[in-house]
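Labels for the chains are A, B, C, D and E, by order of writing; each one numbers its residues from 1.
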């Protein structure tokens, strides 16, 4: 594994909590690793587990899904479904040989800028240690 | 290939000092589909916006990507800007290179690299953007207020005074609610009826208010601005159109049954007015106790009625009405302490009463004409114990919450006892005394000084000894057990959601908390709105409340409703769920996910693929007025037949792909 | 009762139902040209009832074939065992069948000659209009006995347990081997009684979620997606695996979903027990397990 | 083990969380023994909250509680005070803080069972009155009881007294922290 | 005929003699067969669990295990609230907690699965069939007999063990007593602890408990207190003389030598008789004097029964 390996990590953030929290981290000039790229979605309930499969298929080294804390969803109950879907997906990915360190989910509220920073740092550290993701894409590396 | 224009903002030096904006613009120019890329000091400024508008014209751009601050900051600014151009305002994507890049990274090169990635993702998504049109929905300029207590009365009056039509719905035969039952109101001790009856009369006389008593909500359809409500007008067997409220029928009716208004402390007839100042001031027949309706014998009221108002054949009628806004003001009920507290006698002792019963006992128009006489033998009590937190702050037997009004009610009752029964002793058992309100602490203080003995401790049990009721508890300040031999015990009981409010909330699609109170859209910032657009709340249906808070909330709720009714039509966000009916197999997996009940299955005409015959098949349909655009339903659909406009599956997938292409 | 006697009962009853006009067809099994293989067939005339067979090889599920019959007038008769009845419940729940257009002839099963039938706990149908015979509790044609359920590799989730027992890399290799051989024929999907979309996402003109290319990686995406799509509705019949022309052990994916659903909800979970229950992913519990804090 | 840890252990063994209690006094208010207790049930919970284990162990409360359960039954927060009191009693005994009269009675009682398998009331009361130096307690009732044959001189012995004796020994060993491993108790040094 | 495994309890052979005789009479009349558990031992009462939690479970578990082995199909019944509490607790804990079961089985050296229920007399008397049989077996009817039904704390608490729905105002005994014509009074001490457990080791502190019960029963107009436990009964009865004396001493300020209680029976004007519910039933079912031991009561019951039945009827009994 290359020492200077810089993973690319995809983060799905809900507009009302985590995206706001990430913005707040910026406004507070907190620093965190550059490796994360945020996709903004209205609600973590919008995130289809198939997006995660797609990211891994394309070569994502890690994926992070973030939403409001249970009970605080802007849409009342969206994140309760998120929780079931991704608790299940996490198990299923591990069952399929994906290291659990590559998939993370966190509840981060609009005020938890520091938690966003810490989460990104922690996920980056974990993924770095795991090295580049070759699973879900080897054998047929070329694209369709 | 669609022509995308990319505009990179320096944000002064905010972005430009942290990453190479020129390199970002250059990289953007090379992306497939991008026809033009530029950078500028302040894209959000007047000249910045003009620069974008000019580029759209000059280069014939079809979509716009702006790399700048967070979309939460300026997305609406740029949408407004696009309204001035030929491009639909939804053909816009923003790459957040300030809050989520320039401000959080120290490494210039890496930050630049990330900005290019973010722009690439935004361009990929923008290429899949579709023109969307905000829908406008018309607004029915009429409000429904459910519940005719002081909250509903206040809300209906405010709406009506603002010039809108209001329908006030009350399931009892008269409006007035609990406030009409009270004797005095704390802390000013003004007579409750004196301040509430004028408002009730106003309601009855207001040209903009339609009063529907003995009525309930049967069904609710529609969404904000466009509700259709089926109202059940319960049979009351008296034609109120001609009745003058002369009262002849009430005088002659032979039936005597417990008066619910007097909390079982007196009897009323089967044809009755809820209370003397009832609005409307006309009687109704209670079918459960009327002899004529029960077994066909009697008919006295019909005989004595001079105008022939009595109609034993009356039936429930269903009326459908349209509304633009709905206010829920269903109030509370006192907890059924008899079912909770065996240790307080579970209702076996006539002289253990609740606070509302005491209100009737002390009220001049109550069963004792205001003489405090204990129910068992009519004697004036010499020693009275008042017990607070009965059913409140008791997660095991009642509710975990504090009912807020009881501390002051207890102080008021203690005051009234000392005032009306000189020489009597009053003991108030409490756990904490909570008096946060204008003039509240002063009132409590005065009650104490007047001689009410406050004993800190929850009463452990009440038992009978001879003629007296022994309240046994601990004086926790002394650390000694105490036994108060009381002639009368008043329990300040918890407030609970009004019975039937749960079912009503279900019809409206409103959420309720574990205790059954209506959940606000946001506990702090949207306290009088529910999660359902166009449905507002007022008073104790949201949680225990006293009168000042209730009235304040009712006016706030009315203001919200008036704001809505003042518009002729309203725009809804076009970023909502959309169903491709051809793909939809009608499995209904999406429906239960929706927190707004915006998805329903409907039958559409189709053809049987096998025989070619015309058939009907089920598909899901999204109600645009209800959908809030969360997209949780989309994940439940395996086919992808349901998608979220503005965040379509293929748009998000393109964003993902763009990161690695 | 012997299988032969049962078969005669089935034929007689089918003929009578068709002769009465009570049903327009009977969905059951017929013998194929190959010994030990039966196929689902539609019998539409009383005299054809003699085609119907019942033996230890009448394995395929009958229910899904009915989905195509739902538009035709009249009632469709269906021979249903426990597994078929769970499939019917699932299809009813997903609005792909109408109960009043079905006539369900219940056949308590004695277990068939297939290892996937071994953990079956539902021999008698859950829903039926008539039952042709009572379940013979003494018969032990398959079924997990109490001792069996605990035995490694023989319990309800035998296939998933097999994979879970491996280390993470070995698990990856296991599936790599499976998906390298997959030919993406979609037989698993076609046979699955809970795959009921009008158009499957993999067949769509614009592929969207899924590349149509056939390689281990994309096949794997298909495999996991399929598990996610049908896992919480899976009635554990094993049909997907039985029909796989490459003989791939793919049942583990859905078994894993059910196993996880049980662990997350902290309660037993089984799809198809009735036609009303919400899927695991179609509901939530405020107290669901949460590792995302 | 510090008092703090010991208290935490007692709370855990009793399955009681001291901060559940909000000191309303409903427990003490209904306790039939409250008048005689130097620390009433609410006080026990208060001491647990402020970490004053010593006051609990030295109180007469833990020896006077009759275990009638009225306090726990009525507690709005479902705090099982008697369970905590029982654990405190064991701890007090371990530390040699037992109340003399209670120990005399209880030991006499168990000795009685050990000998006969059943309780011999007259022997027990007699033994207690002698050992506790309360010779005339309840003596007024004795003539009536003897006259009416309510108590007998001869103990009512069961067949399996040996079995009972062994049972008692095993049980006492089980509670002995030195013998029982894997249980939460650890030996306490007597003060 | 309904059968139960029967745990008599130590008092049954001594101080509770009169209740025991009545129990046998009543259950015989209403077709309930109590089979005594072979070689049962003391449940340990308050003392065993005060000393050792293991012993507190093991002592009651032994006879229960014995009953389970001998009559696996029978529920266990006992007539003493203290025994009931200990047996029921052991049964409950063994059922609820595997490690407790392991411990108990190791200590008693027998298997014990707690498959059956532990019941008290009130449970089996309130069974609808039993109640019908009581009605049929009654031969006499009491008049003007106001009864305070005293259930005792341990027959109802703790609720999670006993399953009693109403711990403040149970009605089972009131309803049974009413069958005999007795009039149950509304009073406040049905389940207040009488302090029987501490009558030896903390006499000074525990005796006021019984006193308060007696006072309230009298204040509420009761002529008799009915009990469902020999411990409660003895406690309420045996020390009434002492209690009344002390109350009088307090009132008059004149002290009397305690041992005089031995020769001076309690003042009949102030004392209140205490009967077990089964004694009341037995009398109503026509039990003659020889079948019961009504004369063994510390507070004489003759006047009470004579008053409630009328002279000739009562002569046969007393």
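Going forward, contacts are C-beta pairs under 8 Å (C-beta built on N, C-alpha and C of every residue); 3 or more make two chains touch, one makes a residue touch a chain.
Treat the numbers as computed from the prediction; the structure is a model and nothing was measured.
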For chain D and chain E, the touch-path distance in steps comes out at 1
What's the overlap between the neighbours of chain A and those of chain C? B
Between B-D and B-E, which chain pair is linked by the larger number of C-beta contacts? B-D
Distance between the centres, which are taken as Cα means, of chain D and chain A, whole angstrom: 57
With centres defined as the mean C-alpha position, give me the chain C-chain E separation in Å. 62
Rounded Å distance, chain B centre to chain C centre (Cα mean): 46
If a residue has to touch 2 or more other chains to count, which residues of chain D qualify? 35, 70
Which residues belonging to chain E are in contact with no fewer than two other chains? 167
Residues touching two or more other chains, restricted to chain B: which are they? 343, 461, 593, 649, 653
So the touching chain pairs work out to A-B, A-C, B-C, B-D, B-E, D-E
Residues of chain B that touch chain C when the two form their complex: 582-589, 592-593, 601, 608, 610-611, 613, 615, 618, 636, 638-640, 649-650, 653
Touching chain B in the complex: which residues of chain A? 6, 8, 10, 15, 19-20, 22-27, 29-32, 34, 37-43, 45-49, 51, 54-55, 58-60, 74-78, 81-82, 85, 117, 143
Which of the residues in chain C come into contact with chain A in the complex? 160, 163-164, 168-169, 171-176, 180, 209-213, 215-218, 220-221, 223-225, 227-228, 231-232, 252-253, 256-257, 260-261, 263-264, 280-281, 284-286, 288-293
Listed in rising order, the residues of chain B that touch chain D in the complex are 343, 389, 393-398, 431, 456-461, 472-476, 479, 481-482
In their complex, what parts of chain D are in touch with chain B? 22-31, 34-35, 40, 42-43, 70, 74-78
